[in-house]
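What follows is chain A paired twice: with chain B in the first complex and chain C in the second.
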Partner chain A sequence: MAVPALRRGGGAGSRPRRPGGTTSSLGRWLRGGGPIRAVGLAGAVVPGLVLIGLLVELIIKAIPAIGYSGLHFLTSSTWNFGSQYGTPVTTNGLVHAPGEEFGALPQILGTLATSAIALIIAVPVSLGAALLIAELPRRLAGIVGGFLELLAGVPSVLIGLWGALTLGPIVAAHVSPLIADTLGRVPGLTGFFGQSTGNGQGLFTSGLVLAVMVIPIIASTSRDLIRGVPVLTQEGAVALGMSDLECVRKVTLPWIASGILGAVVLGLGRALGETIAVAMVCGVALSSLPTNLYGAMITIAANIIQNLETAITDPLDISAFAELALALMVITLLTNVVATLLVRRVSGTALPVGRGL
Partner chain B sequence: MARRIRLAGTAAILVPAALLAAACSSSSSSTTSASTSTSAPASASASAAATPSIPAAPSSGTLTETGSSVMFPLVSEWQKGYTSAHPGIKISTASTNSGTGITDAGQGLVNIGASDAYLSATQKSDYPTLENIPTGVNAIEVVYNLPSLTAPLNLSGTVLAQIYDGKITTWNDPAIAKLNPGVTLPSTTIVTVHRADSSGSTVLFAQYLNAQDATDWPSSLVASTPTWPKTSGALAETGSGAMVTGAASKVGSIAYIGDSYSSKISAAKLSVAAVLNGAGKYTTATPAALTAAVNSFPPAPASGSESLINTSAAAGYAITGYEYADVNTTQSSTTQADLIQNFLYWAITTGSSPSYLGKVDFVALPTPTFNVAVNLINKITG
Partner chain C sequence: MSETTSGRAPTADVGEWPAVRAGRKIANLGYRIACWIALALVVGPALWLVGGVLANAVPHWQWSVITTNTAGETGGLKQAILGTLLITLGVLIIGGTISILTGLYLAEFATGRLRTVLRSGYEVLSGIPSVVLGLVGYLVLVSVTGLDWKYGLLPAVLVLSVIIIPYITKATETSLLQVPAAYREGAEALGIPPTWALRKIVFKAAVPGIVTGLLIATAISVGETAPLLYTAGWSDFTPTLQLTGQPIAFLTYPVFAFYNLPDAGAKILSYDAGLLLLVFVLLFIIAGRVIVVRSRRHAE
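Then we have the complex of A and B:
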């Protein structure tokens, strides 16, 4: 406070002001705009503070479990809530059930694998849908696009219910056997696509359910992006004798590539954190990796919701859950950072036609 | 003046209730069967000695309950019966799981948490004011989906442990055949069905497996959410209802479900196995077998926490346990405490008559445990 006051009193322009003097310039900015700027600043700071607060809280809560499990957390496949009715033991000052073991590898891989399956299915479908909608007559496009947006608004628990009651049995009876009969017969792929096709609760169904939730996000964003491609450029491409496909491949898609990457990241974020729908169709296999595409599994988010009641009475279990939450947060933040870098790279190059037409 | 009238009214309600309790408890206690009809009222007055501190129900109020899906059908019946006798009272019940019952009651989110399992040492230290009040005796049935078989199968803890840890994978395994001479077993693959949520049924089932075969089912696997050994195609279901539909969805499946779901189990065309008890006999979960089992154990301790697993009574059923109402002894107000006390006392007296317990195949508390329950109910204060 004293510094700006001194400066203010320090003679008119006798001393050159530092252009980057943050405190003073921030103070000046705040004073200049009246209370609305202060409110705005407070609003702008809150999200950052919440994120930092969340991280700090999770790290503090997770420290006992990190000390207890070490690298085991990332490498082991055994998750054991311990013997609840055994004599409690004390580790690092925490009283907990004996025999607890926190190997989160199946959950971490499950989180990544379901999201990967969802994107593998959702990206081509969404792009196809978006390209088609952009070409449709305006009224029809409005109807199809409207359905897309409605689908985006369906609560995830409804999609989970549909997945458990309708999609799961169909997958178990028809889709999985079909894949096992085709892809499963290709040498080298038998292990992952062949063998026991499961009961409709597992990795594949979870991926499908997530895909259903991700498609409207990617498709509606892509549709808006495609609409933003300048007509002149597309007409130019057609004038050069390009077919529809060539026009899409060489003009439309490169033009919107960075935007699509952004849309995919949005979808990925939804898929990574989706909880209840996956919990309803994943088969809840806490301590084993699925042997193939159809096996029961679990994701970090699904475990947290499915087993919170077990964990909550045991401080070390809760600490392990905090560590899980931290892992999920790191995964989400990492994918966001990587995506931002990718978007920057893509938007910096690969544009065959000049921007700003 | 009005209070005096209400007290008198309560006394009028409680006297027949206490008599009924005595009738119930004398019918379930195997010792001194009908020898002294005068001793039953005597024991009733002994338990009635504790009753003056059971307060009358307030004229209006709300009671919330969540937890055990095994207990849910009974609590729904209690809800109907109690609210028709006390029109000003609203009771909300929810079928979740025992883990939810314990934590929600411990944290004060609900008044009563229903649980099939007694509180563990960690849970006790987490919620020092939470008491588990026995409210009835239930059983976990072992059911299977083999439409080709008509006679009920015999299954032992060892065989069940080896099925659930993946050592036995088909129904015609020699180990199962040995327990069922003369039965032609199909070669169907066994699909194990277990609870996915924090379940008291799982605790009771796991305690039984551990009691019969500690090598195949070590004590580290006795928990509400044990680390299930990997078996091919295993199904994990949330709630007792989903256990029934899950088992019904796959031929060859095996599941453990609370006996309050008996009618749904038979409607789903599932069979119930006879289970080996500690006396080496195979029994099913009939009310008589439950009574025999509970009477073979020493009286419940003052905390109410007692395992009734693997009875040594020849006629007893092996996977038996007390159903508990977990209640925080410190409630938000005296009125709320009064309501909970009145309701729970009603539940173990009027609510434990055959017209209620018969619907869910539970049996009433034996007299010593009934007295423990009354003492625990008396601890609840505002």
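Then we have the complex of A and C:
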């Protein structure tokens, strides 16, 4: 009987038949793994097809809004769903509710600003913690790892709940006034850090909540990377009389730099797309830019989830949401491409961050 | 900060070590303290978050929460728990099948450019925010201008399936690729047909990894909110197996929708749902650890 080789990625059944082997080509196809191959291929094309369908749908749906707003979408700060009870008007052959205006600048900036705040907080915290975890005795490191897993696994809606009801009020009562009293008094920084400290719903709290969600990603990846640094190199550094700090700065961090960068970009992608938690703590300010660190704002994702219901009846409103989704996708895909390029070099397993365990 | 000490040539006087400069000691101490603070900032929020939910949910906890349906803004969460379980089951069946097939094909059969293209398909998919997938799901499946299925079980399952595909696929592909080559070679040397070897030997060795992937998918299905708001809808009634046209409740909805309502009962219900979600997460983490430990023991 013919025994075709089964190689990884190799053509099963590609080996020449032995004399006196199987007869029909159908039999050979069946025995050579043909059916499972066919079914596997049928499954494997699904993700790609879904992706293409998704893009096509979004682009088609977004075209009316793109034509309606033009560059206004990127430069204006006014977002108006229009008066749904007013007499419909026609612009460029498009019937829609009067007064509609789609300036997404606050949302785009809000998306970028919250993610930036999140990274500024999360990167040093995660790195510091990871450096320590890598040194802890195994059992203790396991317990801390459990906390990281827990934090990564908690549904984002719970982090939003905590942010809105527990963290937000504390930020408003203690943290924000403290920052305003210190950084806010430094000349030149008064505009951004000083002035009214808000009610705990806004840019700063959103950034904090996102930081909590990004930390497990960066910390656990960094920990694994640090553990992968060759012991001999570190021992060499110690033998040369380096202190812990010097060893970390001269040996450990340079060794894992590109991997850390990949982890950071991965976390950034997560922060940019986070929806529900931000929707609960952002303060929902659609048409204005926050005046300082504590002001109410909104992100693209939060707007989609908070306001889609208002838009459901008007096709142009829906179209504007498709355009928003497209904008968000462009932003996240760009970061993700960078992440893939960086992380592929370091490899490692896929991190099921935030969305699950 | 002094950094040059390490490069200094050894002194002739062997009996006496050069004194460590105070600046280096202080810098190192500062680094140590900063690390511990960082660790506290990582562990602290996790404890605070869990503690907060427990402190708000446990004192008001009544077992009737899991035996009665929601009535308006109060009552129980039975229909939401059942809805989440039903959606998750559907996701595991549809999304799980597609993902395992994709992972299998990529690891065992695909070659060259086809492999690169197929793989980048699911990798790009993994980077798309779930809210975008939810929006497209709404536009294509639920909305009148799409398939007009209305809110229901099937739209929710399909959207979540797309969200979890990258995770299970990655897990399947990686664990199949990690099966030792000796297993395949041994099977071939024994004259076992390749499909048989795949089914009985290679696949078996990859099972722990695949199960971990399925576990992650389950956790995601249970914990997602944004993509479900406009595909599943919300309902006060016990879910049925009707696929479309009938909204279905899910467990994350009350947390998001009830937390800031004026009614005290609504807030309690919000925290109750949070508590149930936390219990789910803990179960998944424990299950994941058990699988890792058992498969490691198996390998030895």
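Operating definition for what follows: the second predicted complex is superposed on the first by the 286 of 357 C-alpha atoms of A that agree within 3 Å, B and C clash if a C-alpha of one lies under 4 Å from a C-alpha of the other, contacts with A are read in each partner's own complex, and residues count from 1 in each chain.
One rule holds in what follows: a contact is a pair of C-beta atoms (placed from the backbone, for glycine too) under 8 Å apart; a residue touches a chain by one contact, two chains touch by 3 or more.
Source: prediction; values computed, not measured.
When the two structures are aligned on the shared chain, A:Q84 is found in touch with chain B, with no touch to chain C.
Touched residues of chain A were counted for both chain B and chain C, and C has more of them.
Contacts of A:S287 after superposition on the shared chain: chain B is touched, whereas chain C is not.
Of the two partner chains, neither chain B nor chain C is touched by A:L94.
In the superposed model, A:M297 lies in contact with neither chain B nor chain C. With both structures placed on the common chain, the touch criterion links A:L210 to neither chain B nor chain C. In the superposition on chain A, A:L253 makes contact with neither chain B nor chain C. Taken together, the two structures place residues 312 of chain A in contact with chain B in one case and with chain C in the other. In the complex of the two chains, the chain C residues touching chain A come out as 3, 5-6, 24-25, 27-28, 30-32, 34-39, 41-43, 45-50, 52-53, 56, 97-102, 104-111, 115, 117-118, 121-136, 138-140, 143, 145, 162-163, 165-167, 169-171, 174, 177, 181, 184, 187-188, 191-195, 197-198, 202, 215-220, 222-226, 229-230, 252, 255-256, 259-260, 270-271, 274, 277-278, 281-282, 284-285, 288. Every residue of chain B that touches chain A in the complex is listed here, in rising order: 96-97, 99-100, 102-103, 106, 120-123, 125-127, 191, 196-198, 203, 207, 219-228, 230, 232-236, 238, 249-250. By the touch rule above, chain A contacts chain B in their complex via residues 78-88, 95-99, 101, 169, 196, 198-199, 201, 283-288, 296, 306-307, 309-310, 312-314.
Chain A contributes residues 1, 3-13, 31-33, 36-37, 39-48, 50-51, 53-54, 57-58, 61, 124-129, 131-133, 144, 146-151, 153-162, 164-166, 212, 215-216, 219, 237, 240-246, 248, 250, 269, 272-276, 279-280, 301, 304-305, 308, 312, 315, 318, 321-322, 325, 328-329, 332-333, 335-336, 339-340, 349-350, 352, 355-357 to its touches with chain C in the complex.
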